[in-house]
Structure formats: structure tokens, C-alpha cells
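Chain naming follows the written order as A, B, C and D, and within any one chain the residues start at number 1.
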Amino acid sequence: MTETEFLLWVRGPAFSIATFIMCAGLVIRFLEIFLLGRKADLAEARGSAAAGGFRTLFRRSVPDAGSFERSGFTIVSGYIFHIGLFIVIFLFVPHILVFEAVSGLSWPGLPSNIIDATNVVTMIALLAVLVHRIKDPVMRLLSEFNDYLVWFVTFLPLLTGYLAFHRIGLSGAMLIALHILSVEILMILFPFTKLSHAFTLWMARWYNGAIAGYKGVQS
Amino acid sequence: MSKDKTLGETLRERGISRRSFLKFCATTASMMALPPAMIPVIASTLDKLRRPSVIWLSFQECTGCTESITRSNSATIEDLIFDTISLDYHHTLQAASGSAAEHAREEAMQENHGNYILVVDGSIPGENNGYSTIAGISNKDMLLEVAAGAAAIVAVGSCAAFGGIPKADPNPTGAVSVSDLVKDKPIVNVPGCPPIPAVITGVLVQFLTFGLPELDHLGRPAAFYGKSIHDRCYRRPFYDKGLFADSFDDEGAKKGWCLFKLGCKGPTTYNACATTKWNDGTSFPIEAGHPCLGCSEPDFWDAGSFYKALSIPTEAIGKTAVYAGAAGLIAGAALGASLRARKQSAVKDHERVTIDDLDQES
Amino acid sequence: MSGASFQRGYNALKEVIDAPIAAFFSSCVHCGMCAEACLFFTETRDPKYTPIHKLEPLRKVWKQEYTFWGKLGRAVGLSRPLTDQDLADWESLVYDSCTLCGRCSMVCPVGNDITYMIRNMREGMAAAGHAPKGLIGATRRAVTIGSPMGVKLPALQAQIRHTEKDFGVKVPVDVEGAEYLCLLSSMEIMNFPEYIGSLARIFRQANVTWTLSSEAFEATNSGIQIGVSDIAAELVQRIVDAAEALKVKAVISPECGHAYMAIRWDGPNLVGKPFNFKVQHILEVLDELRSQGRLKMKDKEAQKLTYHDPCQISRRGGVIDQPRNLLNMVADNFVEMPETGKMNWCCGAGGGVSSNERADDLRLKAFARKKAQLDAINVDAVVSACSNCRIHLEEGLEEYHMELPLLSLTETIAEHLAEE
Amino acid sequence: MTADGMPASDFAASPPCAPPTGNLIPLLHEIRHALTRWLEQGEEHVIDLRSIPLAPGEEDRLIEQLGAGEVNARLSILGPSDIIETRYPGAWLITHYNENESITGRFIEVCEVPGILKSQADDIRAGLERLEDQLSNVETTA
């Protein structure tokens, strides 16, 4: 397989396969969770479950002051790499073209060199997160293969993206192909690993907020 | 012209001044993207060079590469380039025809066995030798025969280097590149459709001056193919600023913004177009407002639409996502139902726990 | 089959896993932030006390029973099934080092209600026979005697007599048609009988009809703490029967956090039908009376006071503003702790921990968190609305050699009533 | 390749404006450094303008900036070559043309006199031979 064939394969069949697995997988995962069902609460409500659920969807993104003090590193590094990922994924013009090809929707992007700088910051934050995961006793105890795998497949597209942007080490076509391939690995693993928290956390927050909101607590 | 004389002697005989020669060396160095400090080295090497024999074979090609090289800068410079070599066979350019032409080729091969340079343009039919023959000899046979005695091979144009347009899907002739057939000789690929004329001559001069040049992983001389079009493009600042032309006639196009969205293959294409340029350094496709097609890369004809951005998927992903959603709904509903049943059976199996059931009987 | 067994426990774990739990486990990215929300971790720095870690066995069951890949993984031998030993190993984590305080559920960035999961996991632990001895004993007493502390009706009757004599008020028992049926916790009967007198004085002033029930005076529910819904339902049913027999409008949960959770929020779900009476915490009732102007105060408490939020009343129960309204009515100098209301820290003894002697040392260690909170504000006394909190705050303060009185909010109000 | 995938266009090629590559100022600095080095160490320096990505018009701006000094020589060697001393003495702009007057190379040299301007020994020798031949012819005829 030549470089060009490889690039065409990752842009063509491989991307379709990855898209199919990710989309089907996410729907399956959603149903796998949702269809387990939940008993109706028979206690007399003090507040609105829906309002609580809705509120927590957003409110949980803002840490309380005490947690910020005690888990500052986790929160700051987490925020940096999540925002960084958002910027790099959704505001880089070549990426927007992909979303446009898939959904027909388009939006303005950021200058490419700002994306590049953001990417570097994001990678540094992710490396810091990895070191923290290995060094912090709590995170080390909790972490399993899945957590490191998820870190790796998140980091890989950033790294290959950086190399492709600067054409370091290999030819431009090969680097772009590897970058797209690394994204496809991410997409395929997305529904079946912790990566799916990007979707399930909205369910989790909803349930948490609804349980609390029903009792009149703002969670 | 005798082949025994050095190039310097020949030039002096022809009344070419040393100044003219230095000018030639300077422009050649510039062409080869060599640092100016190399100009004296080129001058002294070329001065002492004995003219090597060159055999030029044209197979499945369009003569575009020959057209390109004959337009190499001024007639005088081209003369000079050809003065540095003895072009003993080139069936488009040579005066002789028929058996006389083939005889000239055989003679050159015999006289310079092991020392001549073979230049090839055009791809070679791999399936059926009958697709392309010269004087009744199939391209493959001729290539292998001539290659056997060559010191080195220069594959000029994307067809010879990578198969090019003849190899494009569905590749009716089963076209292959020179390097697909010849494995035991140094091969320099000079791809492009056509290659930049100055690059063809530059590679020849570089080869004659310094021997086999440094090649990249696709066999291309790094001096010309070492940087991507994108990296040397004068529109790169627009890419960095995120300013793109959305169509060929919008404001962005008129302002000369980056052509990435219009399918520019600059980021994946390695060639000297952005600095050497075409038509005596006048312009190059991107400067003329058209995205790079990537013609110096393998399989450029089949590398996705010329006018679709490099990053976007080549297949209809929107539909795939919809089908995937539907498939996910069916599979997820089935899986969900089975998990629900599992939970229900656990509920059914529940035995009422009383205060007598709080200790394990051991 | 009778007796606890691993199979029964495993089945119970399968039973309790629902969509929220599946969503929670799916979302946990092992960030470790819940550790810093748990006083058992913050005061020991031992990573095993990380809340989400306490749920490993439940997570395993979820993964292997309710996810496609987990099932596949177990089928091909990639992951080890849960064993009885796993549950045994986790017993102390699930019972000794968790008060179900719910703080971790408030900070989890992906929104996991970890406390909800621990509560559910205890169903499996208890059914498998891995509940702590102390809690098993308390639960048996609750079912057989009617009170986890073994308090019987004559003991209550004795306290009622004392109260009626001391305060000159009538304490109604088994009065049909009263507005409110008041419940008590054994701790109030045994340790803080003043609570009964306070109720009587306040209701007398506010002109509220109320009663105790000789059939169902105990509000606490060991079934919930140990994690056996069948038993918890039985205990709730006693209250429902009494409330229905006495035809009261509402049942008042006493100053006890878990009792409130049990009767107010879990009760209807345990017995499987909505109640036909209201359930209120005493603070809710008092705040209603306050807002209706039915509480006349003669003076205010001059001491600098703070309020310790009982977890099940504030964070998990939603009664957060009421105690503050009441405190501002009764006290001149009320200050909040550094982290307060729904983010207040647990006393360390809820969720059955106080019935579990094995956990005593750990509980006292964890109390350092509350001590630090109190050190930061330098108050004269701490007010709370949970006898369990009160007892263990007192014990903790003694352990750390701090002289700080613990007050009941209801009693404080009663003391400042403008009685005729 | 069909035209289907091609965005609509009238192909009215409008001359692209010149986006700055940002190479202009660094080039001037390079010349400044080279002049300094020549003064201090007598070191000569050549810049090949073709090896530097320049936007259309940017080269013109550079040449405009360098200006014209005291020397302006035109050589006739395989087409003309212009050798101009810029307004900064010691910095020479050398432009090679082919016989069609298209530019084939452009350099900036920092030196006393560009090498190509000097008479070359080979050419002097050839010229001398011609002169001697001529003289002997004259003498023979005379």
C-alpha cells in the first residue's frame, strides 16, 4: 500500500467504518444504560426533578470553592486540556470541513497558528495529567488499563496532528494519514471505553441532579 | 564534439567566456537550491567534467516531460545543459529515425557500457507488452536491456517515477514505474506532471556534478523535493491566520487567500514549484489562483477529488452516520431488552431478607 | 434457603443496578476528586477511602452483567468474576468508612451520585452476610424490640412522665385525629428527653395538636443503614400503620438525619406506595410555624452559634434554609462554618457508622475535619438537628479536648419561647 | 476527473494581492550582518533570492528598499546580467537574465567587487591569444 493509497483508505473506508462504529456504538451504549430503567420515586416531591437535572447538567462544570482548593490541580489541568481539545477539534478549519462534510453544518474557525499553540498547551496539560495519575496515590489506586488506554488514544491525535501540521519526521501525506488514523482509533474506542464519559456524563449529571432536585436540593 | 574533451575545454572552444560559465554555474546552483557557497565547486567540477552518454527512453507518456525540458530557461542555457551531456538517443529529439535510431542506441550502449545514464519518461505496461512497443521491442524489454548497462537511471515525470496517469484507475495497461521493474540500479525519480523544467536540468547537472544526490523515501532528490509546497507557499501566512478562499470567485480568492478549502494538495506535495516556479520563474499554480493538484506525488490522479479539501472524508459520511444510528437502535434495543430481562430475573430470584438472614452459615 | 449467602448478595447487586448506576459507572474517569470530598480520606490520606473505590465490587457486577464487553470479557476469561472474598474485603470500606453523607456526590465532576450507589451496594453486602456485627445487632433489636438501642415502651412512658412533671405540659399519646404524629429516635428518649418537653412546649404555644404513638415511636431505621430494604420496609410499615390508625395529617421526623431520610424519602418507595399523610422534619414544621408568626420568643440566644448541617437533613434531605431561618430568629450571633449548607462536612457517625463499634477509631480520626471547621470560626456553641450528630460531635470534641456545648435547635427554640 | 466536484468559478484570474511572508525585514538584517562581518573580518557573503519564499511584489519592495548606488554595470554573457551596487556600498544586487530577458537568477552579494565583474584569467588568456594572433596577422600582412 502506497502512502497515497493509505491516505485514501483512512479518508475513505476507514473513516466510514470508524464513523459507523462510533455512531452505532454510542446509540447502543445509550440504550444499554437507559433501558436498565429506574424506579419512579413515590415520595412526595419537594422540588422538580427535571429542573434539578437540567441545572446540574451545567452547574456541575463549576467546581465548589472547597473542591477547587483541595483538587485544584485536577480541576485546572482538566479544564485546560478539555478546553484545549474543544478548540483544537472544533475550531481548526480543516476539521470544520470534516464536520461540514458529515453534517452540513459549518462555523468560523480560529487562525491555524493559534490552534497549533493550543495543541501544544493541551499536550502539556495531558502529560501533566498523566504524571499526576501515576504519582498521586489516589489516582494510581483507581487507575486501570482502560484509563491509560484512554489517555493514550486522546494524546495520539494531538501528537500526530502536531507532527502533521509541522511535517516532522515523515511525509505530509503519511503524517496526515496517521493523524486521521489516530482519530479513527479514538472514534472506534469512543463508545466502549471511558471516552464515552463525554456523552454519559450528561446522563449521570441528569440523574444526580434529578434525584437531588426532587428533594429540593440544588446539586 | 569529442567526448574526450572536458566540458571546460569544449566551452572555451566554442567561445563561451568564463564569465558566462560562472553565470551558468550561479544560476544552476540557484536552480538546484544549493547554497551560493557551492558555486565555485560547481564551476570547477563542471569544468573538468567529461561528457557522459545519455540514452533517453520514452514509453507510455505524452511528451509533456520532453516539452518541459526543451523549454528549460533560455535556448542558451539549455544548450549548455545539453553540452554537458551527449544525448545519444531520444526518439522525439533525435534527427535519425527507424533502424538508424535504434542502431545509435545500441552503439551508445556498447561504447559506454556501465557508464551511460538512462533517462526514462513514461510508464511501462505491465500486463500486456503489446500495449506499447518501439521498433517492435516492448517497453519492458527495452527498459531492462538498456538499464542493464546503465550507471544510473533518472525517471523523469510522474509516469516513469510512479506510474502516473497511465496507472490511474482502472489502469488498463497495468502500467508500472521504472522502479517497479528495475531493482539493481540507482534510480533518481524526478516526478511532476510535468516536472519543473529547471528541476529536470538541475537534477541532471547535480547528478553530473556531485553524483547520486541525496534522495527521499520516494527516490526524489531532496534538494528539489525536500520541502512541501505548503511550507514554501507565499500564501502560507493566510493559512496560519485561518483565511481561506471558499470558492474560486469569492472575496477570499480575489484577495489571494489560502486555497486549502478548494482542495489544495500543498501540504502533502513535495516539489520546488513555490520557489523555483514555472515559465522562467514567473508563477506557479497557486500564484495563478488554482490549488496544487499534487502532481509530483504517487497516484495523484486517484488521490481524491482535486477540489475537495485534504482533510475531509472521501465517502458520504452523513449517510453512514444515519445508518449507524439505525443499526445502533436495533442492536441497542435488543441488548437493552436482554439486560432488562436479566435484571427482572434477579428481581424474581429475590428472597425476602429477614433478620435471620444477616449472617452467613459457616 | 435461609441465611446469608454470596449468591443472595450477588443477586441483590444485580437487582439494584439501574440506569443511573450504569450511567455513573460509565462516566467515572477515575479523576480522584471524590477522595478530597470524603472526610475518611482527607483525615487519613489513605487512598482506599476514595469513595468510588468503595464501589469496586458493584462496578464489577455492573460491568460483567450489564455491559456487552464486560460480559464478553468474563465469558472468555479476561476478567475474574466477583467472589465472596471480594465482598468480605470491601465490608469495612462500605460500612465503616462511609456515612452516606453524600458529599462525594456533590463534587463529582461527571455528576455521579456515589452515595446512592453505596446505599444500593449495601443491599448486596448485607444479603451476602457481610454487614458489620454491630449493625446486625442494631437491626435485630429494631425489628424484635422496636428500637435499635433496645428502648422499650415503658422507658418512653417513664420519660413522658418526667417531662409532664418537669414542664407542666401534657404529652399526648395515641390521640386519634391529631394534626401531627411525632416520632422520636431512641437517642432522644435515652439521652435527650428534653426534646419531648420542647415539642410539647412549642406545640402548646403554637396551638398545634399532636401525638406520640405507643405502637410506633421509633423513627430510626436500621434496615436502611445496613442496606436491607425488606427490613427497612417492615420498620416503615409500622409507622404507616400507626399514622393511618391515628388519622394524622402529617408525621414529624425528629432531630435525626437518617430517620428523616428513611421516612420522608425512602419510606414510600420501601412500602411501594405513596403515603396518604405528609412527612415533615421537625425543622420544617417549626419554620412553618415561624413564618405564620405562631412562635413568640421572649429573648434571643446571646452566644455565638453555628449550625452543623446533618447530612441527611441538609444535603440529602433538602432542609437547608429552615434551620437558618429559625436560628436567625432565636440567635443574635449566628455564623456559618467555612463550608456549610449542602457542602457541610459530616460528623463522621451517620449511615450506621455509630452502631458499628469496629469503626470507632476511624470515626474519631475523621472527626478532625469537623474540628478544623469549628476551629476556623471560634464559636460558643454548636447547634444541630440530629441527636446522632450531637452525640458524636460531643464525643469527638471530648476526644480532641475541646470545650464546646452542643445544642438542639428545637430545644433552643423551646428555651426562648415567650411562655405565659 | 469531472468538473462535478469543482466549486463554481468564472476562472477570472484576478492578480492575487501580496500577503507578506514576513521575510523582507529578516533579509535586510542578514545584509546588515554581512556588511558588519565584511568590515570586521573581510568575509564575503552571497544570498540567493530564489531560495527564499517571497510573495509576488515582495522582491520588488526589497529591491526598492536597497535602491541604486554608484555602480551600475551590464554584462553581456549568455544574455544580459545587471550588477548594481545598492545604496549601501558593499551590497550588490546581481540579476541574471537569459537571452529573452527573463530573470534566471538573482543574488545579493556583499563584497568589494562581485567576482563575476572581474576579468577572468581564462578570458584574459583567450583575449591575449586573440590579440597576439591579430598582431601577427597585421605584422605578416604589413
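As a convention for this text, a contact is a pair of C-beta atoms (placed from the backbone, for glycine too) under 8 Å apart; a residue touches a chain by one contact, two chains touch by 3 or more.
Everything numeric in this text was worked out from a predicted model, so none of it was measured.
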Chain centroid nearest the full-protein CA centroid: A
From chain B, the most remote chain by mean C-alpha position: C
Pair sharing more residue contacts (C-beta pairs) when B-C is set against B-D: B-D
Chain B and chain C: spacing of chain centres that average the CA atoms, whole Å: 76
Centre-to-centre distance between chain D and chain B (centres being mean Cα positions), rounded to whole Å: 30
Euclidean distance of C-alpha centroids - chain A vs chain B, Å: 39
Intercentroid distance (Cα basis), chain D paired with chain A, Å: 55
Residues of chain D engaged with two or more neighbouring chains: none
Contacts with two or more other chains, residues of chain C listed in rising order: 17-18, 66, 68
Per-residue multi-chain contacts in chain A, two or more chains: 28-29, 32, 34-37
Chain contact graph, described as a line, ring, star, complete graph or other shape: other
All chain pairs that touch each other: A-B, A-C, B-C, B-D
Residues of chain B touching chain C in the complex: 335, 339, 342-343, 346-347, 349-361
Chain D residues within the chain B interface of the complex: 1, 5-14, 16-22, 46-48, 50-56, 58, 75, 77-79, 81, 94, 96, 98-100, 102-105, 107, 115-116, 120-123, 126
Residue ranges of chain C in contact with chain A within the complex: 17-24, 26-33, 35-37, 41-42, 45, 47-48, 50, 52-53, 66-69, 105-113, 116, 264-269, 272-275, 278-279, 315-318, 320, 338-339, 342-343
Chain B contact footprint on chain C (complex, rising order): 1-5, 8, 11-12, 14-15, 17-18, 65-66, 68, 126-131, 136, 139-140, 143-144, 226, 228, 230-231
Residues of chain A touching chain B in the complex: 2-5, 7-8, 11-13, 15-16, 19-32, 34-37, 93-95, 97-98, 100-104, 109-114, 164, 167, 171-173, 176, 180
